[in-house]
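Presented sequentially are two complexes of chain A, the first with chain B as partner and the second with chain C.
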Partner chain A sequence: MSVNERPFPHIRSEERSPLMMLDTAIALIPPFFMACFYYGVRSLAMGAMTITAAICANWISSLFNGRGIEWWDASPVVTGMIVALMMPASIPFYIPVIAAVFGILVVKFPFGGTGNNLFNPAAAGLAFVSVCFGDQLLSYPVPLEPLPMTVDEGIKLVQGPASMLKMGAIPTISVEQLALGNFAGPMGTTNILVIAACLVYLLVRKNVKWYVPAAYLATVSCFAACIHHENITAGESIVLELVAGSLMFVAVYMLSEPVTLPKRPMAKVLYAVTAGIITMLFRYYGVAIQSAVFALLLTNAFSPLFDYMAERARVLERRAIRENE
Partner chain B sequence: MKLKLWNTKGIILEQKKEPALSRDLQQFTSSQPTAPAIEPLAEGEEVTLDRLIRLSADAAIIDERDGVELCELLRQWKNKKLSRIVGDAIDDEPYVSSQTNPMMKHSAEAAYGLRLLKTALKAEKAYFAVYREMHFLNCRIPTKIEEFPVRKMGGKYPMEQRAVRRLGDDVFTVGVCALIHLARAANQGTVQSTCFVTVAGNCIGNPCNLEVTIGTPVSHLLDRCGLIMDPTSLSIGSAMMGILVVDQENTLVRPNTRAVIALKEAKKDLRHMDCIGCSRCVEVCPEGLNPMELYRASAANRRQTAQILGLDCCTGCAACSYICPSKLELSDLIQNKQVKWKKEEEKSHEC
Partner chain C sequence: MKMNKNHWYARFLRGTKGVFRGNPVLGAGLALPFVVVAASSLQTAVGLSIGALLTMLPVGLLIPLIMQKIPEQFRWLDYPLRALIAALFLMPTRVIVGAISPALMDSVGVYFSLLCVSTLLFASRAMTVEEQRLEKVLLELTRLWLGLTMVLLLVGICREVLGNGTLWGKPLTWMKIRFSAVMVSGLGFILLGFIAALGQKIHRSVLFVCLWIGKNGRTVKDKIVHFGERPPKENKNKISGEIPEETADHEQIPEGKEQE
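Up next is the complex of A and B:
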């Protein structure tokens, strides 16, 4: 009989990192189906290409890092899926591919690969292509009109409600259409009900802590209720701000990314509130349309600071208890 | 007011105590009890603390929870006031039931031992404490053993450590097995030569609790209970904090051995991955530490950083290693560094 010499504990939980990543990937599948329903098979093809590019980029970076190919690592799949879902369905295939590859090769790989990145690779990739191909990312096809594989100039492209809000106009979309995601926007971010259902799945699987998206959405709602267009009520303003852009998608899938999220609960709440404040400041006073993505990137930079503050608070608390004893 | 919010942290472990807990406690002793080796309590003799200290010292009774001699524990309570005595049968680790089972099967002896201590220490109250989070049991945990109530203490693992702390400074806690041995010493004048051990795990054919002679090799226990398959992990003590057994022939049962656990793990569970920063270790650490940062600081030999992060507060409960989805050996490395740096510090003080 030969026993392995692994130290204690001799029992382990069944949770494994690849399964956690896979859970997020599973939660990203329903938005893909909705995108396919609204925009046709092209959205699935775009997703497949982006995921393939992300996986290849990750393998290349793993080889350069000396780790070898890590088959279990599902993080590039998640990155690829998020990047694809944040794009208009009509965008040329090479743009999401560039975003995913940039995210992995430039933002993730130099810091040490999976688990070591300072910034969210998907958000960084999206920010990069927003800067490089800004116009193409802001024109969206009309939903329920299936797109051909090759998109030419004949396709009707419109602006999304987020751009209209930014320009001071009020989008005229009914609440039902907003809830069903039947309006122009990035292909995976408009289906609020589907995203909410996926959030429940992620909460049950403990991949997302409820207070992170709650703190983020509450901060955004407070801003929207306090500062809004004079022709709409505070309630309408909240609904429009939450639903119109990619804010909900960011709150569910990107904000709770474990690597960039601080580790202590208080730091997480602080992080989410900061992200909410920066998002709304970008929305009201910034120039970028994808404000949630840029805000997330900026907040990523504060994450170590929040961790440090929370850790410092715990050290002081421990010292106070020791002195009391 | 002390801020101890993290006291609710920890992990809920699937207990898997059956069928060992419900089965009869079996004898696995190498020799028949010999003639009384020490002077038992005479009938009608007054029970004083000094007498019990002498008795437990002569009988070499060891508290099974930490391996400390019972007489040492009792000496600490000389000239001290206490409010309660708790017979600790909180088996909060999976598979282990070597306190709860003897408490039920040798209830008269356990109650007599507790009664002796209550009289000697002039305590107002005395009761037994068992772990509450035990589900799907084939037997019923009694609510009273003779005149002593059996209280259930709930909470996440590591409950036993925390329960002792939570009970307060004026409460004397003692292991149930030590109480049984005290009762035997007082009644029959026997020296402690046995201990109670749970032999369990998914590789054991006949999981049960045994009363074993101290010094029995682990291999004998495995032969007694039968291995149905070769284990990949064999530990002595417990499944969470137990010591790995590499040589079964020369690993012997000690007075504080509570379990022998033989487990077979799937190969995929043995693979290590990189930390993905999921912060589950932070969420479960009962001491409110950040095991991930401690692990990184320890791995990089950054002693000062590790000490600021609370390295000395780590109790080695291994909740972090259990929960880690990347299967990192957090607890092992942190504990190793804690011991190593402590030794270095002591050496430098001596110099």
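Up next is the complex of A and C:
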């Protein structure tokens, strides 16, 4: 009999951080192709630049931390891809680059780098640029009109349905357009069917627990059904709130990020519900357009608290069972 | 006495205590509202710094003297009196700073009145110096003010350059991109945190170099932990014959003595 002399854990599963990040990166590729289809090669170039900037920032921070370059770490790729997909296709290249670099150097690196960050780096980067360059993030190009590499003032820019909803107007978009993502918005977040297909892939790969996006979307739907505009029905309100902004994208790719997500299932549900409530409160009463991103950042801070609450509830439950016996 | 590089550095840190090591803002978190919210430009930072100097020094010097005159049965009035004295000195300070630059006074806004609170905190900290001699209290207050000014200027410059693309109101042509988020107080906290981290990094780097140059037995890493602190006084009641652990571990006993 051979003795395993290696330190624990001796039983290893295939679910490891690099593989999980690689899966997320794979799931982010289809929205990029859809963005390329709707807005041209510029979206791919923007993605490449953002990813490169994120990787470089991650290497610099790793070297500064004394960890050396971690070649296998795909988390900056995911950060770069998420940041690029949440931007309008017509935005200057330096803005997503700044967002990615801010997320990695200011939000991820001070907490100890990959696996230790308290806040989602992509969300933090997006929040930073939406405060700095808010106006440029609110106007989107019209889909199916390929953009040149250098965007000048001649390009037609329109408001997205999320902005219209915020101002009290009702966007007139057909169901087909909503499903296909054929409306103005951030280049990767409007393709609901593609995002749904990617969610299925992530669920199959066990990267995402089904109850996290489900709890989030259910909370948002409840809010949208209860509080909605006078001119639309509860059903229409739910569809518009879910589809108009970047909510679905956040639910699939950002909310289930393993580092910032609590560890216990009950805590995960609580986390998702809280994120949903804060998102809708920001949507209805806040001023920021990317309310889901700000809500996610705020909920990130509560993540350890939810874990503690879930652990405490478990201990109390066990104690009660023991006393009954 | 011959001094190593690390001794020089330790002496420097002790001499500038309150400016670099033990900085009131970075180390103790005093006067945070000014730094995080009010210090949004170099002008504001200078205004706050002048205001702090004009209130802190007289208040810090007068409070111990006035307290000595107060009879024992009225000592419960200690804190209200301190607040009153600080508020009294704030009024002429406001006039002086306003006369120097009205625009500067406008930019500081309501935060100027908050100087009263910070002054009290600084004065309380300065009065903890040994013996409470006036010149020592004055020296301590000056160091604390220098520490506050250093942080205020750093934060003010960073925020003005990054957020507005100007320095002392003059536009910087090379600064094409403006990060207006830096002006938000949340980012002010982050900026302050980064300045503190940078200071710590510089300190550790200088320390490492100094200790590496003047290595004398102990590992560099052990020394970094308690660097700059005065060594604990030796216990006079120590039982004779015991060899201190530190000596036993790290210092070699000369061969001749061992044989004796």
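Rule of thumb we're sticking to: the second predicted complex is superposed on the first by the 308 of 325 C-alpha atoms of A that agree within 3 Å, B and C clash if a C-alpha of one lies under 4 Å from a C-alpha of the other, contacts with A are read in each partner's own complex, and residues count from 1 in each chain.
In this section, a residue touches a chain if its C-beta (ideal position, glycine included) is under 8 Å from a C-beta of that chain, and two chains touch if they have at least 3 such contacts.
If you're wondering where the values come from, they're calculated on a predicted model, not measured in any experiment.
Of the two partner chains, chain B is the only one touched by A:V315; chain C is not. Contacts of A:T114 after superposition on the shared chain: chain B is touched, whereas chain C is not. Look at A:K263: by the touch rule set out above, it reaches chain B but stays clear of chain C. Touched residues of chain A, counted separately for chain B and chain C, are more numerous for B.
Look at A:S17: by the touch rule set out above, it reaches chain B but stays clear of chain C.
Looking at chain A, you'll find no residue that touches chain B in one structure and chain C in the other. Chain A meets chain B in the complex at residues 1-21, 70, 72, 75, 113-116, 258-265, 311, 314-315, 317-318, 320-321, 324.
For chain A in complex with chain C, the residues that touch the partner chain are 94, 98, 106, 110, 128, 131-132.
Listing the residues of chain C that touch chain A in their complex gives 177-181, 184, 187, 190, 193-194, 197. Per the touch definition, chain B reaches chain A in the complex via residues 2-4, 11, 13, 94, 227, 230-235, 239-246, 248, 261, 263, 265, 268-271, 273-280, 282-283, 288, 290, 292-293, 308-310, 313, 318, 321-327, 329, 331-332.
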